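Below you'll find the structure, written out as structure tokens, and then a few comments.
Labels A, B, C and D are assigned to the chains in the order they are written; within every chain, residues are numbered from 1.
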Amino acid sequence: MKFGIIGAGRIGKIHGANVAARPDSAVVYVADADPAAAAALAKATGAKVAEIDAILAAKDVEAVAICSPTDTHADLIERAARAKKAIFCEKPIDLDVARVRACLEVVKQTGATLAVGFHRRFDPNFASLRKRVAEGAIGAIEIVSITSRDPSPPPVSYIARSGGLFRDMMIHDFDMARFVLGEEPVAVSAMGSALVDKAIAEAGDIDTAVVIMETGSGKAAQISNSRRATYGHDQRVEAHGDKGMVHAGNVHETTVELAGAQGYTRDKARNFFLERYDAAYRNELDAFIGAVKAGSKPYPDGEDGLKALLLADAAYRSWKTGQRVAVG
Amino acid sequence: MKFGIIGAGRIGKIHGANVAARPDSAVVYVADADPAAAAALAKATGAKVAEIDAILAAKDVEAVAICSPTDTHADLIERAARAKKAIFCEKPIDLDVARVRACLEVVKQTGATLAVGFHRRFDPNFASLRKRVAEGAIGAIEIVSITSRDPSPPPVSYIARSGGLFRDMMIHDFDMARFVLGEEPVAVSAMGSALVDKAIAEAGDIDTAVVIMETGSGKAAQISNSRRATYGHDQRVEAHGDKGMVHAGNVHETTVELAGAQGYTRDKARNFFLERYDAAYRNELDAFIGAVKAGSKPYPDGEDGLKALLLADAAYRSWKTGQRVAVG
Amino acid sequence: MKFGIIGAGRIGKIHGANVAARPDSAVVYVADADPAAAAALAKATGAKVAEIDAILAAKDVEAVAICSPTDTHADLIERAARAKKAIFCEKPIDLDVARVRACLEVVKQTGATLAVGFHRRFDPNFASLRKRVAEGAIGAIEIVSITSRDPSPPPVSYIARSGGLFRDMMIHDFDMARFVLGEEPVAVSAMGSALVDKAIAEAGDIDTAVVIMETGSGKAAQISNSRRATYGHDQRVEAHGDKGMVHAGNVHETTVELAGAQGYTRDKARNFFLERYDAAYRNELDAFIGAVKAGSKPYPDGEDGLKALLLADAAYRSWKTGQRVAVG
Amino acid sequence: MKFGIIGAGRIGKIHGANVAARPDSAVVYVADADPAAAAALAKATGAKVAEIDAILAAKDVEAVAICSPTDTHADLIERAARAKKAIFCEKPIDLDVARVRACLEVVKQTGATLAVGFHRRFDPNFASLRKRVAEGAIGAIEIVSITSRDPSPPPVSYIARSGGLFRDMMIHDFDMARFVLGEEPVAVSAMGSALVDKAIAEAGDIDTAVVIMETGSGKAAQISNSRRATYGHDQRVEAHGDKGMVHAGNVHETTVELAGAQGYTRDKARNFFLERYDAAYRNELDAFIGAVKAGSKPYPDGEDGLKALLLADAAYRSWKTGQRVAVG
């Protein structure tokens, strides 16, 4: 399958390398507003630099990976949908629900294939947890608990344009909660504060938050987020059901443990998200290519993107108003 | 130190045995509405059966352990306070905040010594976690997460009189949150449902709940509770701060792990709370006796009992109203 | 069951306290060459001080616990056997195989009941491991691996009289190997050196040793010993069979784990053997009393004591000669 | 760096793919006695099929990776050395010590660069363990313990030509022991038996073995091997020193743990050695290429290959004779 990669930044490089490494897929074109970035990725993947229009017009391009800034996603999805390309788009589709709905309407009308990049679903640990839940290993779900802490906050300049913690960071956890719960949350309560960096508060955002949600049948989910973790990228999911519990823990740097007068010490969790989730990014693309080849619906899709955003919006309003908020 | 034990049920037996096992303390009298229960505990501890009045009047009784039903606690505390006995009372002081306040007023006026039985503070694991937090091992607290699941629900008849999950079960976790946070929560949001037993819903209660709280400075706490756990008594506390994280895990039956075609399997967590918390009950009484002997204030005290109850009441109102509730 | 305790040192105090704590047993007499030690233990257990002869002659003494120095064990066992007392004797019976055989002959002729204090068999973790092996959880045994490291060496003055590392320390591991293997080792190879303290070498002993053994059917066992461990008392057993593996790990001080920039740190293993093995000492005496009451053979018995000593002797000769040595 | 790959079997494919995946290296030729195998690997790596002579004569080939059957290694090393190629050779150089010495003499005379494929040194876990030992984290080494169990035995036809368990399987552990000990073992005692498959005994070999070794200064090492493990590929190393202990544990399939009425169950260890050691194979080649580029000596080298073989031979003789055997 031949890809055009739109956006040659950090995440574009990941997807480009993963496409190039498969024997049955190739990057043929790379576009980026920064010519040097486009050229570098094109060289690394054996592709050519091209304008977005040219990529979308190219007959030999079957799929595009949209890795450009967030505010370009919805527009590019619509253009690619009309150009009959299979679309893999980094999350989010847009920070605005109305814009997302309009975009998904175009996707629907054009019959386009769209996958949204919630890569954590493809992490081998979380995928295994979800598989066990689906197989009934813990029975009927009762409570899902998600802990998600980044090693350190992004620049405040990024935060100011990010849509805020709920839409930028916790969106992954909202998607994970939906993925594991198997039922839609209908109400959200959120609390948050800026404990890591006061500049984040000045930018109108928070860096520390806890959220609870419930579904129509009374299942519950908890999420805790922080923009700080000294011991690595903390990414854990736990699900409780009437037959038991399943937990996916952190991935540590090595299996080594040192014991001495100070106690027993093992390594930090993997710190850098591209290393932590290297298999997830690879598997995500494999799943997209597999679905497109098979003519089946890739997953997670635009609706998943929308629903996670609706949860983020509800959490944002709950944090702002101090009230429990109904979803959607 | 010579004790009168009031209430010879399950928890009275624990405290009676712990008093009797110390070389410097003794049970001298036991009272219980059930003469057979009183006689059995008296025999086991080398004490005599007596009426409550007689115990409170006895010159050689320095301390009483109140282990009778909840609705007798406040009255007994007041009587023991007026009788100048040091008082160790099982939680809660009362299910009604006004009654607790009135009782504590009597304690204050009489200058009585009162400790309330939040035994989990004395569990070696949780005590060690708290000590490290206090020593600054994780820096300034950001988020405290508490998971607390009982192996199975008590009889519905008990639940109907219990004050409900928040006052009966989660009260321990509210106390633990205060213990670890080091700052009072000012707002509570709660969600809950009856997933374990529909009869619990019919009794007006829930068996599954999640709560978030925040303090004035923006610290957060999460609690999850269930009346069901198939893998033992699940009792975990985790605290995050700006320098790191500290976690107190479950106590497993043994350290044995079996590996085979099914994977690696280790034992369930200790299932029965009296075994899980055997050291906590012992240490709790040691601390009480130590404080009384030293003439210092025992801990946790009546104010701790009141504050945990205020959190439970706030959670109850949040669950009922669907709104975030200010504490107190 | 009424006990006379012979020897009021560290281990005598443990057994005395455990006898006294049971509702159905009591210490009635304590003997020790040091009158103050005898008096202290007698006071703590509600017993009287007595001479050994008087204890053995006392009609009301049903059992004796021999906790005196090693070189008195065999003689005391014989005297107690002739006095028709049930005998619990600390390991070893004697450091000399011929003396042990003679002693066991007296035990046999008198029909006396004798248990030898290999307390580790009664540790809940090792007992559980053994139970699973016996139940077939790992299938037919292939290899047993034992790691046993003391926190620090005893005084050189003790080592000089101890019979050496194999008879004094590794004897517990030889017994554990027999306990788990379920088949007698027939050959032993040993290597050892003094790495902890050169004074130990000067006393003719070693402080670090590794041993391999094999049984007639080709099962194997490994033991490693050291008189030094900075991270607590290291006591682990692992058994491999054709269906899997079972491992009993160390008992840590708490379940707390601290994560920070240094990694994840958990507590040291329990350091002091009396704390590490508190349940083992209690269970060991329970088993002895239970067996005597039931009229059944207590375990481990004199033969177990002899067989462990034969393994220690074989290891000693292997170390000295540099050759593999047949057992017995 | 341009490579010729000699041998296109399982391990040749691994090294070929790793060479091809690096931006600065390439496979240019592949040779194999089986033309189809050679063609397949050539296609996968973008190389051409060639005869060995042609590869060695080719001007553009800077390095060869020898991945052919064991009995061809020494001869190919000599030819490649004379052809001035940098040589990466799979272990062992030969099963016969005299042949290895002769081969290494040629390597010495030609000044050739030779690395031997003890890939486990490059496993991130074992490499980290070794690094900590080298940095003094556990102080002066006392005991090294290695557990190494394959999921299941190779075909008996392979075993018959393999040189036996000590030279074929435990050779990796002898190298690991040397790697960690930092001092040469001078004596070996071995025990072994055929517990997995009687046909292995009939082929004159064993499938279960335990070995102890000591160095001149009294450090000790233990190795246990089995050709069977139901719970995955069991690969653990533990090192004890005067300041503490360091342990490298197994790599499990995921971090997921399931808790229920059966206890807590986590995944098996990774079962297939090519997955278990994927990073090790990659890192091994990176180190070889890095050394050749830098003009430094690659590691482990021919002497390491020889010394591991000498330990295997000593273990073999110890097993056969029942005596401790001096090395070399």
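For the reader, a short list of remarks on this structure follows.
Keep this in mind: a contact is a pair of C-beta atoms (placed from the backbone, for glycine too) under 8 Å apart; a residue touches a chain by one contact, two chains touch by 3 or more.
Not measured: the values here are computed from a predicted model.
Contact with chain C and chain D alike is made by A, B. Simply put, of B-D and A-D, more C-beta pairs touch at A-D. For this pair, chain A with chain D, the centres built from the Cα atoms lie 40 Å apart. The centroid of the Cα atoms in chain B and the matching centroid in chain D are 57 Å apart. Residue positions 230-231, 243-245, 259-261, 267 of chain B are each in touch with at least two other chains. Only residues 140, 142-143, 145, 147, 149, 187, 189-196, 208-214, 217-222, 224, 226, 228-231, 234, 240, 242-245, 322-324 of chain B touch chain A when the two sit together in their complex. Chain contact summary for the complex, chain C toward chain A: residues 230-231, 252, 259-268. Put simply, chain D touches chain A in their complex at residues 21, 23, 44, 124-125, 128-129, 132, 137-138, 243-251, 253-261, 267.
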